[in-house]
Amino acid sequence: MSKKIGVFVCHCGTNISATVDVEKVAEEAKKNNPGVSYTTTYKYMCSDPGQKLLRDKIKEEGLDGVVVAACSPKMHEHTFRNASKKAGMNPYHVEISNLREQCSWVHPDKPTGTEKSVDLVRMMTEKTRKDKSLNPIKVPVTKRALVIGGGIAGIQAALDIADAGHEVIMVEREASIGGHMAQLSETFPTLDCSQCIMTPKMVELAQNENITLYTWSEIEAVDGYLGNFDVKIRKKARSVDLDLCTGCSSCWQVCPSKKIKSEFDMGLGKRTAIYIPFPQAIPSKPVLDREHCLLFKDARKKNIPPNDSKVCRKCLDICPIAPVKAIDYTQEDEIITEKIGAIVVATGYKELDDISMYGEYGGGKYKDVITGLQFERLASASGPSEGEIQRPSDGKVPEIIVFIQCVGSRDPAKGCSYCSKTCCMYTAKHTMLYKHKVHHGHAYVFYIDIRCPGKGYEEFSLRAIEEEGATYLRGRVSRVYKKGDKLVVLGADTLTGSVVEIEADMVVLASAMKAQDDAEKFAQKLSIQYDKDKFFSEIHPKLKPVESSSAGIFLAGTCQGPKDIPETVAQAGAAASKVLALLSADELEREPVVAKVDRLPAPIFSTCIGCFYCQRVCPYGAIESEDIKARDGSTIKTVARVNEGLCQGCGLCAATCRSKSVELAGFNDEQVYAEINSVEFN
Amino acid sequence: MSEETKKTKIGYYPGCAITKCSTSEEYGTSVLGVSRVIGPELVEIDDWNCCGASSGHATNHKLSTALSVRNISLAEKDGYDEVLAPCPMCSQRLIVSQDDVEKDEKLREEVEDAIEMPISNNVKVSNYLEIVKNYSMDEIAEKQKKKPEGLKVASYYGCLLVRPPKILKFDDPEDPKTMDEIVTAIGAEAVDWEFKTSCCGGGFTLSRTDVVVKLTNDILEGAADAGANAIAVACPMCHANLDMKQNNIEKETGRRFNIPIVYISELIGLALGLNPKDLGMDKHFIDTGSVINAFSNIEK
Amino acid sequence: MSKAEAKPENQFEPKIIAFLCNWCTYAGADLAGTGRKEYQANVRIIKLPCTGGIDPLFLIKAFERGADGILVSGCHPGDCHYNSGNYHARRRWNVFRPLLEFCGINPDRIQFSWISAAEGGKWVETINGIVDAVRELGPFESYQKLNTIGPETSGGAADASSETG
Amino acid sequence: MKIKITTKELTSDFAKEVKERSGIDVKKCYQCGKCTAGCPVAYEMDYMPNQIIRFVQIGARKQALTSRTIWLCASCITCTTRCPKEVKIAELMDVLREMALEEGVANPMEKDITTFHEAFLNSVKKHGRISECGMIMEYKRKRPKAALKSALQDLSDGSHLMLKGKLSLAPHSIKGKDSIKRIFEKLG
């Protein structure tokens, strides 16, 4: 019965061995512990020869339990379990002692680190002693993917998956797909028109038969697990029947509310209440903005159903569709449920647009202090000024324009501590767009560092300086204030050690890329992790860059952190390939870390008393009730049973159970007590 | 009721600059005069000392902290839980010193040893604008007798009322509004301008007059460009620099601003119908007649 | 106290058992390591999938075995990998704390905290905080005394080694 | 200017010394220059505020402590308020001034300013409060040139002040003078 346990202590080069006496740890593991029949140390346990050593020793020494004292189990638990499996041992008899992340890297004093390591190894040895053989659970896979977000990341991922022959559901919360990329005027470092490369992809997506598109829709809830998600989608009331509407444009042409700030134009342009966000929108069918629509305003004021209001029905009246009009004021939100196998999250970023926090720059106070994305709209041929660079305040062409980099970025005091990565490049681009349109104008850029480590990027930013004549000043701006119709910019040039005062006509703030306002809530809906800046976390920064912390949910684009278009597209492709790998299997294996209610021989059958407290606490509805029946069909007792397919292995039921009838595989009471008991106390 | 009255008795720390017979006595006179009409009741802290001002913190941090904290401990001893220091140099030094000893145990011990009193830090130190806003806005509306006509006031806050913002926690450091609200409340026009919190040169009045002349020139120009015909202040140093240096500026640049610089307390006093002379308005360098004459009785 | 300052001789070094959830705090502790953030070495971690799966008896057991302090740490409210596990843990803790007090155990010996996978710094602060606090309280002796009177309940090779300690 | 770095020149870590003394961590500064950009007195300084921080960062002790800049800082705290890295720059100037005085290396070009501070604190030491006349007289006695420079202005300012009864000749002394003296003895 007593196990033969092998302990393998890894040096990790010198990462562990520099501050932990690995030989002593191996030696101590054996001392006073008859269960440990073999110990060794090795330079790199995770290397091929290291894994071979493990396999060989399992066979030679007849080990039926293994402790690898190495890095965090999050790094290589899987590696060592696989290796053991190859050697014919059940992989769930392998435990990892975390000597690197939680010991050698944080305790530089060698005796201290060694003493702790000895403890850590002993804890895992004792746990291993109680390990039981487990087998992976097989689950079927729904061969359909969900892509959340219809920006360039989502579009790329959806197309890649659909082109490989799988069904894709795309959910976009705005009225059209396209995201931020559709708003950009030109793109760096090639200066090709953003919409020219974007719109064909949008059309391709709309026409792809494998893709179902839900715009003006949001994710309501995600349940289930890898391969078998149940996703509830809220189709927000659009007031327009997409099947009937032909996008003829009559309705938004007659709409009398014409002065609503256009979100797509970053508040610089105007739109109607029934509108399409931009001419190339997909679908090219309008949405009715109920907040601003006169009819709905009137209905709210009078507290009557919108259909009873007679204030304005111009859009409905003019709609040429017959016999049933495409406009429907009574439409309500609709919830639809889809079965999904894998999910790509591509929800994008939000530009720091609340620049009022930069009072020293007159943010939010002066109309001619604008953000980078606003400048994109100004420079865009489809923008509010049809591509002419004009001051929002009076339409004047600015002769001196000042760009301030790192607004919100690299600013732990007010904004975010990180670098937004794209601003150096887009500011260089902005100076060029400006110089191309205003030949006699002067562009000044205040920067702290110029960061452009991409292909062709360095050359691009130098072109702005050397060929296009932008003047770069190394320093930050402290204050922008109004003097007559000029904006006085008070900055520094640290290279000459002087204060620089520029009387400018317009100021552009290269504002930071931030996580979406509701990123936190959204992450909680999907049970995925996010970082301190509310960007979604990948599980390994280098080796698993598109995997979220929840199996089957992948990340693409700027929802994971600031990045530019090429990087976004590459990541979207990577996420798509991960989805495809998943969908290519008919069955998936899942970690067998699930709960189980005990079953015993008659006459006890189970120690479960049928209180079903476990059912109340289970977040997944995985606890069912089972009638244990006598031969005559009469019920002897009703007890709890865990549905392995639904159980996610949190252990809530086990901790709640009063009769100790539920155990969580891999973390049962015996194992935990063994760990506690093995700690050496004073 | 009793709790409320207890709350409105506030320890008064005038500081050196605004006591009787000092350079800026009219600030103190008007603050006290106004408080007699609209409250809250101000009682001078017994035996207060100089906070050390800029010379203190510029050359000796511990000394400066001890000098400031001694006054807070005195106020505590007298049983006040709030202290008004109308001079922002004083209020800022007091609050920052409070914060310093709060965060630095060692410093606290040294200071306690030096001032021979315990520090408990339960006293809230307030500037004059805070006191007016928190206690007297309704009273002003109730007891106002006069209203100004055509008075356009640029509210000038200077440095020490708002900076450092993380410690002082008073108003928006880039675009404060409290004084503008008071100005508006008494019926004058608060002009929006750009130099609300620009530095006037502060303590360099004597030692680097040239710096003060340049900085005050910028501020006065900003106020004039915004169309102000008076500048309201709540700081004796701002007042001294803006009021006294207009002559020097004229000598150097040839431009004569002739903008009266008035304390916000004087403006409130005028609105309450107090005698301008009792408010000390005859003690200014730039004649305040235009401001005084802008006020006339409210017809009831 | 926290960093590599010279330790006074014979300073009491408490042993703290930390029950961590796999997703947030355990990953946060890993992140502290990746960032090479130094902290005191008095903590032994027991990893579970979720703080909601911690049976209060685990904590009692740890005290009984001689732990001087205990840390329970999981995901921030709303961030639980299992949606609601940490809320259950919090509720259990609210009931458990008065029970501890009732038993005569100073509740300061147990800390409950939220540390996310991104908060390596907070992990270090929390550990140094609890180690300093428990060091101040001194060794936890009541249960050990009890343990020597009553019959030996726990088994395993660890007992043999604990005699040497 | 040349900054020489040898083991002899740089025996101590200046930045660390400053941090231990004041808690101000200049290593956090990434030299964006926002402090300089917003400094109202920068135009008069021999080194820009960000350069002073740089001196401390790289251990150029002499350059930092002998600069005129530290004396010209008006303590308006605009720099600290706007610093994106929350470096307390204005407060750093206080520390450097203190150190310069302790080491006797304060820049002689700004003697007007140091003498003013001295005269101011002497008055506080004597009376517990400021005696303006006494202070101004001490200042003028010690800095006759400065006095001469602004003699004209004094005539207009000072006499005007006295005329209006605002400049008192008698010192304002407090009861607890002795306790103030003891504070100066312990910390001065």
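In order of appearance the chains are A, B, C and D, and numbering begins at 1 in each one.
To be clear about the criterion, a residue touches a chain if its C-beta (ideal position, glycine included) is under 8 Å from a C-beta of that chain, and two chains touch if they have at least 3 such contacts.
Keep in mind that what you see is a predicted model, and the values were worked out from it rather than measured.
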Of B-D and A-B, whichever chain pair has more C-beta contact pairs: B-D
Chain B and chain D, separation of their C-alpha mean positions in angstrom: 23
Between chain A and chain B, centroid-to-centroid distance (C-alpha), Å: 51
Chain centre separation in whole Å, for chain C relative to chain A (CA means): 31
Residues of chain C touching at least two other chains: none
Per-residue multi-chain contacts in chain A, two or more chains: 360
Per-residue multi-chain contacts in chain D, two or more chains: 43, 78
Complete list of chain pairs which touch one another: A-B, A-C, A-D, B-D
Partner chain D, residues of chain A touching it in the complex: 360, 406, 410-415, 448, 474-479, 490-494, 497-500
Chain C to chain A touching residues, read off their complex: 4, 13-15, 17, 23-24, 26-27, 29-30, 32-34, 36-39, 41, 44-50, 52-55, 58, 61-62, 65-68, 78-85, 88, 92, 116-119, 124, 139, 144, 154-162, 164-165
Residues of chain D defined as touching chain B within the complex: 22-23, 40-41, 43-44, 72, 74-78, 80-81, 88, 90, 93-95, 97-98, 101, 112-118, 120-121, 124, 128-130, 132, 136, 139, 146, 149-150, 153, 156-157, 160-161, 164-168, 170, 172, 174-176, 179-180, 182-184, 186-188
Chain B residues touching chain D - in the complex, by the definition given at the top: 16-17, 19, 21-25, 47-50, 52-63, 66-67, 70, 104, 110, 113-116, 159-160, 162-165, 173, 197-199, 201-204, 206-211, 214-215, 244, 247-248, 282-283, 285
Chain D - residues contacting chain A, complex: 30-39, 42-43, 47-48, 50-51, 78, 82-86
